[in-house]
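Chain IDs A, B, C, D and E follow the sequence of writing; residue 1 opens each chain.
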Amino acid sequence: MTLAHYIALGAVLFVIGIFGALTRRSVIGILMSIELMFNAANINLAAFNRYLHPEGVAGQAFALFIMTVAAAEVVVGLALVLAIYRNWDKTYMENINLLKG
Amino acid sequence: MLNLALLKSEIVLGALALGLLAADLLLPEGRKRALYGLALLACGISLFLTGSALLPAPGVFGAGVPLPLPTGGGPAAALGAGVGTLWSVDPFSLFLKMVVLGSTVLALLLTMDDSSIPDSEAGSFSCLLLLSAVGMMLLVSATDLLLIFVSLELVSIASFILVGYERRNPKSNEGSLKYFIFGAFSSAVMAYGISLFYGATGATSLVAAKPQGAMALMGLLFILVGFGFKAAIAPMHFWVPDAYEGAPTPVTAYLSVAPKLAAMGALARLLTALVPAGSMDLTLLLSLLCGLTMTWGNLVALFQRNIKRLLAYSSIAQAGYIMMGIVTGDAMGLQGILIYSFVYVAMNIGAFALAVALAADRSDALDPYDLDSFDGLSSRSLPAALAMTLFLLSLAGIPPLAGFIGKFYLIGSAVGTAHYGLAIVAVLNSVVSVYYYMSVCYRMFFTAPRKGARVPRFGAGIYAAAALALAVTLFFGVFPHRLAVWAQFSAKFLP
Amino acid sequence: MEFPLLSLITFIPLAGALAVLCLPKDSRRAIEAAALAASAVSFALSVWLYFAFDRSTAAMQFVERHAWIAADAVKVDYYLGVDGLSAPLVILTTLMSLIALIASLGIKERFKEYCFWFLILEVGMLGVFESLDFFLFYVFWEITLVPMYFLIGIWGGPQKEYAAIKFFLYTLAGSVFMLLGILALYFKADPHTFDMLALMKIHGTLSFRFQVLAFLAFYFGFAIKVPAFPFHTWLPLAHVEAPTAISVILAAVLLKMGVYGILRVNYCMLPLGFEWFLPILVLIAVINIVYGALCAMAQNDMKKMVAYSSINHMGYCLLAIAGVSATGFSGAAFQMINHGIITGALFLLVGVVYDRAHTRDIGAFGGLAAKVPVFAGLMSLSCFASLGLPGMAGFISEFLCFLGAFPRWKIYTAVSVLGVIITAAFFLRMIEKVFLGPLNKRWADLPDMNTRELVSVVPLAILMVALGIWPKWALDMMNTTMVSLAGLFK
Amino acid sequence: MMEQIAFYSMAGLAVVSALAVVTLRNTVHCALFLGLSLAGVAGIFGVLGADFLFASQILIYVGGIAVLMIFAVMLMGRASDLTLRQVNQEWLAALLVCAITAAGLLRGAKAYLGSVAAGAPAPSTKPLGRLMLGDYVLPFELISLVLTAALLGAIFFTRKETLPSGGGK
Amino acid sequence: MMIENVWLVPLLPLAASLVILFGGREREDSPMPFVGIAAMAASLYISLAVIFDAATGAAALPFEKEWLWYSFAANLGGQPSIFEMRAGVLIDGAAAVMLGVVCLVSLLVQIYSLGYMHGDRKFKRYFAYISFFTASMLGLVVSNNLIVVFACWELVGVSSYLLIGFWFEKEAPPYAAKKAFITTKLGDLGFFLALLLIFTYAGSYNLVRLKETVEMGYLPPMVLTLIGLGLLCGAAGKSAQAPLFIWLPDAMEGPTPVSALIHAATMVAAGIYLVARCYFFFLASPIAMETVAWAGLITAFLAGSMALVPYDIKRVLAFSTVSQLGFMMCALGVGGYTAGLFHLTTHAFFKALLFLGAGSVIHAVHTNDMRSMGGLSKRMPWTFLTMTVGCLALAGIPPFAGFFSKDQILEKVFEHSPVMFAVLVFTACLTAFYTFRMLFLTFWGDGRDHHRVDHAEESGAVMTVPLMILAALSLVSGWALEHGHAFASFVGSGGAAGHAAEAAGHAAAAGHAINPMVLAAGVTAGACFFIALAYSLYAGRDFSRAQRLKSLFQPVFDLLEKRYGFDAFFLGLVDLADRIAVLCRWVDIEVIDKVFVDGWGLLCRVAAEISHLFDALFVDQAVDGCGYVSRDIAGRGLRSLIARGQVQEYMLYLAVGVSLFAILK
């Protein structure tokens, strides 16, 4: 197994995440896609750490931080969605359209 | 070498922010406003700690004697500055920390008189505000991508919540949600970028990194996206108008200044650390983004009829001006970033302060922040109209106001480093910007007041904020020497 | 420390402005007194400047220099001084400001704001002529814009808002390029400096390409102000819409800032660029003269006509500068003063008639000379002065302008002499249509000029005759400087 | 060989589930597949020998985030969600963009074809702990502030409006 | 010595004019005119004293005295330095003579005006203008500096403007005044260019120094020619030479004494005087000389012919002036310096006389139209008598003044070119014809308009006495001055350029000189013949013969009445200028403004629209969403299917950018 495999895997996940983030119609769908993107980053970090820079664990540590941050974002995001859902029963992105230029 | 003591102002502020939460529980329902006072106090303490680190800096607060050049740890250490594992407390970051704290103070002052945030939420609101301030202060100190990422996230998450603080205002919700989605997306992109960067360099530290190769470049690009989002650089600015319009106005004022400046500061540090070291040249990309940011912000601002949106777009353009300093990267440009940050806080929040004051009278209107709030202001309150005029002119960069000094540095550095195209774009943009700034003046001076318009009342907080902002705008416009010397001193500490 | 004469001249109006701001809106008398006093003291000090001015040296006089910003990247001095080019303009500025202020005493609405903006404007104008530091120069240059915007926009005519913003944006567009030029020069100097006198000495180190580009940047800024063809179209609009006193200031002082800049900066600092641009400059000058005059001839609005005549007259200045000779420079410098006085008077007089008749349409009048002889006399006098009648100030300067340009540009000068006759034609036509012939019954009870108007116009009338008969009073101030200016690159 | 089997199975799991996450209509299914995909990623961590990361991934992501998502979906779901298209009309453009990005990234990844792992993976829990409480103590503490802020936000947004708050609109 | 005080000559009337203008109130019986008359008398006294001193040799001519006027920075010899502009007086013979003539005529005109303008509302102002007019002319005469000459030259123009347009309440005078000013100004352009050339090449405006420079041959011939032509241009404007004479007939709209002044001494004389004063330039350039001669010749003939047809008494006189000025110009052009100046002098007297006489007539009958006159000889004997003297002088009948001066001119011209001579002689005969046509029409026969003529009365002494003085002068001046070449030697006493050249010319032309007696007799005979012709045509009750003649030569008459189309030509020119001006105005508003100002704005606007559109696509959604949220949730659900997700579009856009960059790098 070469590093390239891992990086390619990360890239594919990342791109799938982007695709989801760009196309999902529900906020939660977007959130899920973004989680995929974070995971892609984590795979990269872990793989790089293992293959290129095995002398420390900085990459893995970073991945942990990313995980936590992602969790925090999910919390805030879901809370926000919940609040909006409660207010107006809307979880679709394009329905949120009050502000105009 | 942890040197956590260097970060005493952040630590104290963070602790006090949490303390506010505790105080929130203790205070009875009717007395919550006192928390604003406590928050101000916290900022004051932090400001004092930050400032005291600067006190020994000659030529800044003291007499204008020549500055010692920073050589190694010598004078920097004497300033209470130093380097931790992931951060560096140096005059550059100290400067920006004071800017951040200053804008926090002003935003708090505005909040005290703004009706959009219920008093019962004062505790959590000011806690979040202070937390984001902590994030920014660490952001400008950070020398490692890890710390940058985490502090940026702290700022972002606090901001998402702050924007949505008018819970029952659909606009606020919507702004917050858009801001959140876009913020999360760019965080993810940035995280991915950092991973690539880590792969290419083996470290996340800016100090040791020698980025090379396509992967590192791509990593940097993705990291830039994160910063661009935070600093609202076009084309990553789309969240700005909605978030700004939806947010409670003090938050808008705050967001239009502090995170932007902090991100710019961090970006400056990042790029000065990385770009000269590596073999890649991001100047073209950066100057394109810079020009685009200025132009886009200004052109779209021409159409706005809502003062918040207008200032939102104008703040995009202002970010573009500041970015010029990053593009050029020379001493003058870096000083320009600092000077402009400093004065930008004053003039932008000053303008917002007046907008808040005027909107307070328009609770009946469909849109209290419509530009027609300004109609005939000069006949209702000449001082207010003049103050607003000065803020706007300063934003437009008309001398002898402080905004000009900053812009002068930035454009100067562009000319000095032969970025003539960028300089021309910048000056043309400031001409365009005059048009919409003046359209506000037009309403204040040339039109008759709306029927039933009253002499605007200023709460103590708004009054203090506006007065402070005005004083800074005027004083540093006419006597910019101290500021220039301070910025010069501070910018020298960047690598 | 020497007596800071120039600072006082410049900043006394600022003190006046602040005083006006502090006075309550209703106490009109006090506001009038404060504004007039500030302007008058400034004028009195500039009269002192006139007498104390050393006419035998081309060096800067009354120099004041203090460090302002002393950072490494930007070193700016508060650096004032006048020489034979700027001193007369300073005096002109204080004089015209005082006169315009007197003329604006008739303003009824928002008088306090008016005085405030007006005095700020005066500060800016004076500063432009006195600054010897580029940064300071630019600061003052821009300071003039904002008050002008408000003065036109609040107290102007029907299209005032459009005129105001057009003026603001257009001149700002010019001046930002000037800023680029300033910065470019700054970085070319070693050590970097904004000191204009020092920058005059570095042209030897500047490449041709640089000089051309910098020249264009500066020229763009100044040409809009002059205004030189084709950047002149803001002027008629601004003039027509501006209130009388502001038209006066606009014509008498603001336009001079452009010519002053071209002389002081483009010529002195960028000789190669100047040389390169000369053929175009002279062409522009001729167009200004002939085309400006022709446009003026086609106008029915008196104020517009005078405005276009300004374009024509500033063309003489440009032509003279294009001559690159001591004579030409003298001519240009003197023409600036004279144009200020004469056109100032013309605008005042047009204002007088507009105040009474509420129209400026030339065709709407007729035979007024019988009804308002004093007005007719002063107007005719000013018109004749403006068309360059000998014995009046305009003649000497126009003549010097042509004389200065002729050795170098014979054909162009010959063509631009045509402008003289066109000028004569439209002024005489105006006089004929407005004052002569049978009295238009509509104006049967038009009152003649009142004291306030006389007080504002008569000094100018006296000056235009006095300077025509005895130009020594003005020329002696300039001569040495002009000789040294012309000798800069020999 | 084992490694390869493990890698490909885990990678396949992650990718296929991820595709399901972004394409399926039923949001509940999406959330379930997200859990699977995250678990696949956890497997990759395992293959890489990042033991602590593996554990955290299972605990935090699969056990926490994915479950939270499912809850949220269930809470807010409507009948129509099951039938409506869950993809907006820009999917083609998005696909194009993704293809381009993927091409760029994969091209970059090709550079690492030659690099293979040196030695056996060392257990990482201990060094991670040292790092977190050593050099990384500041970000570590900062994360707590991030979580506090997120918590504050979550409380704020989800709290029912109880009292008519003073001064609010 | 009075000559030391000669600078007072122009200044006294100037002071007087200021005093009159600003002193006292405007009244019909204001005493102010006497200030002017007194000043004029004083000036006349000084002038006469100067002439006397010079004639007796007590004062040496030329006399020059100058003061520093102002100094300006100039590039002389390529080196910038301070040039001192000095101004002062330079009196040579010609100047002295002119001083006397101008002062005298002006004094008489002013006295005459006391009667003529009596009762006018702007009585006082009139005298202020007249004094100013005279002052300007005197300044022009005495000045030694061409700039001052030019200044006074222009002031003459202005004062003529004021005086011609004096009755500005009427329609025509203002127009005529403007026409006069602009037309002369047109000529002045040439003068102005000449001035520029002079300073550029000679570096001075001092006449004495210029003369030295020119005579040393420092100036290239081309330049000299151009200078000469420029000066001629100026002179043509002021002295109403072809084709710039169009203003002069219109200038008759002014009060008649003013016409007298303009035509006799001040304005039109200025041109001739200028050419004489700058004669050294012309002498140095044969082309210029020749042009002067031809210009004069053509003018003389054209104007003389045009004078044949009008019925306006002043117009006839006006054309005659133009014609006579042509004579003078022609004389100067052929080298007849003395002759030209001599004719200028004598012409001043008899033309003033004729105009004042005509004024007297007009004053009496209140019309200019000669068809309404006739038979006035009985009612206005003094006027008739003096005017007859004038006419005889103008017609060149010996021993009247005109004879002598015209004779000299013809002699000179004959020496130069027989063709020109022939034309001039013919013109001289025409002169006799139209002069007497006028005289006969006015005074002979019976009154055609009894209503007017019967009420005509002889003017008062204040008007007739000046007439008599002028008549006396017209009678004797020619003879007296011709006697012993007094005039020639006096004019030449300043060492004037012309005189020396003339002496040289005499020697050269001695070969084909004409016998003076033959010439005199021939011309006189011709003149008499034409007078007789005029008598036969116009002396009768009606002028049926004249009408028949007219119908015979209708095209010619038409041409003459249309003034050879010059007026139409200039009007067309003005019209053209107007059209160009309107075009310019249009270009300015529609093109320049749009391109250079609004164009930028438009560009900006377009760019802004584009970026706004972009933002609007994402931000606005072009859906009026405001308020729908709370109202219409269910309906939105379906509609939202076709709506687009903006946030994702932002991100899409961003992703496009990033990915493109990723590929490109």
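One rule holds in what follows: a contact is a pair of C-beta atoms (placed from the backbone, for glycine too) under 8 Å apart; a residue touches a chain by one contact, two chains touch by 3 or more.
As the structure is a prediction and not an experimental result, all values here were calculated from the model.
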Q) Listed by label, which chains are in contact with chain B and with chain C? A) E
Q. Taking each chain's centre as the average of its Cα atoms, which chain lies closest to the overall Cα centroid?
A. C
**Q.** Comparison of B-E and B-D (more C-beta pairs in contact)
**A.** B-D
(Q) If I average the CA coordinates per chain, which chain comes out farthest from chain B? (A) E
Q) Which one of the chains is farthest from chain D, going by Cα centres? A) E
Q.
I'd like the Å distance between the centres of chain A and chain B, where a centre is the mean of that chain's Cα atoms.
A. 27
Q) How many angstrom lie between the CA centroids of chain C and chain E, rounded to a whole number? A) 34
Q) Where the centres are mean C-alpha positions, what is the separation of chain A from chain D, in Å? A) 5
(Q) On a C-alpha centroid basis, what's the spacing between chain A and chain E, in Å? (A) 94
Q: Give me the residues of chain D that touch two or more other chains.
A: 84-85, 88, 90, 94, 97-98, 101, 104-105, 108, 111-112, 136, 139, 143, 146, 149-150, 153, 155-157
Q. For chain C, which residues are shared contacts with two or more other chains?
A. 169, 173
Q. Going by the touch rule set out above, which residues of chain B reach two or more other chains?
A. 146, 150, 153, 157, 160-161, 164, 167-168, 170, 178, 181, 185, 189, 196, 199, 214, 218, 241-242, 300, 303
Q | Residues on chain B engaged by chain D in the complex (per definition of touch) | A | 2, 4, 7, 14, 18, 21, 84-87, 115-121, 124, 127-128, 131-132, 134-135, 138, 146-147, 150-151, 153-154, 157-158, 160-161, 164-169, 196, 199, 213-215, 218
Q: Mind listing the chain B positions that touch chain C in their complex?
A: 64, 331-332, 335, 378-379, 382, 386, 389, 393, 398-400, 404, 408-409, 411-413, 415-416, 420, 423-424, 427-428, 430-431, 434-435, 438, 441-442, 445-446, 480-481, 484-485, 487-488
Q | chain E-touching residues of chain B, taken from the complex the two chains share | A | 170, 178, 181-182, 185-186, 189, 214, 217-218, 221-222, 225, 235-236, 238-239, 241-242, 285, 295-296, 299-300, 302-303, 432
Q.
So in the complex, the part of chain A that touches chain D is made up of which residues?
A. 1-9, 11-20, 22-26, 28-29, 31-33, 35-36, 39, 42-43, 46-47, 49-52, 54, 56-58, 60-61, 63-65, 67-76, 78-83, 85, 91, 93-94
**Q.** chain B to chain A touching residues, read off their complex
**A.** 146, 149-150, 153, 157, 160-161, 164, 167-168, 170-171, 173-178, 180-181, 184-185, 187-189, 191-192, 194-196, 198-199, 202-204, 241-242, 245-246, 300, 303-304, 309
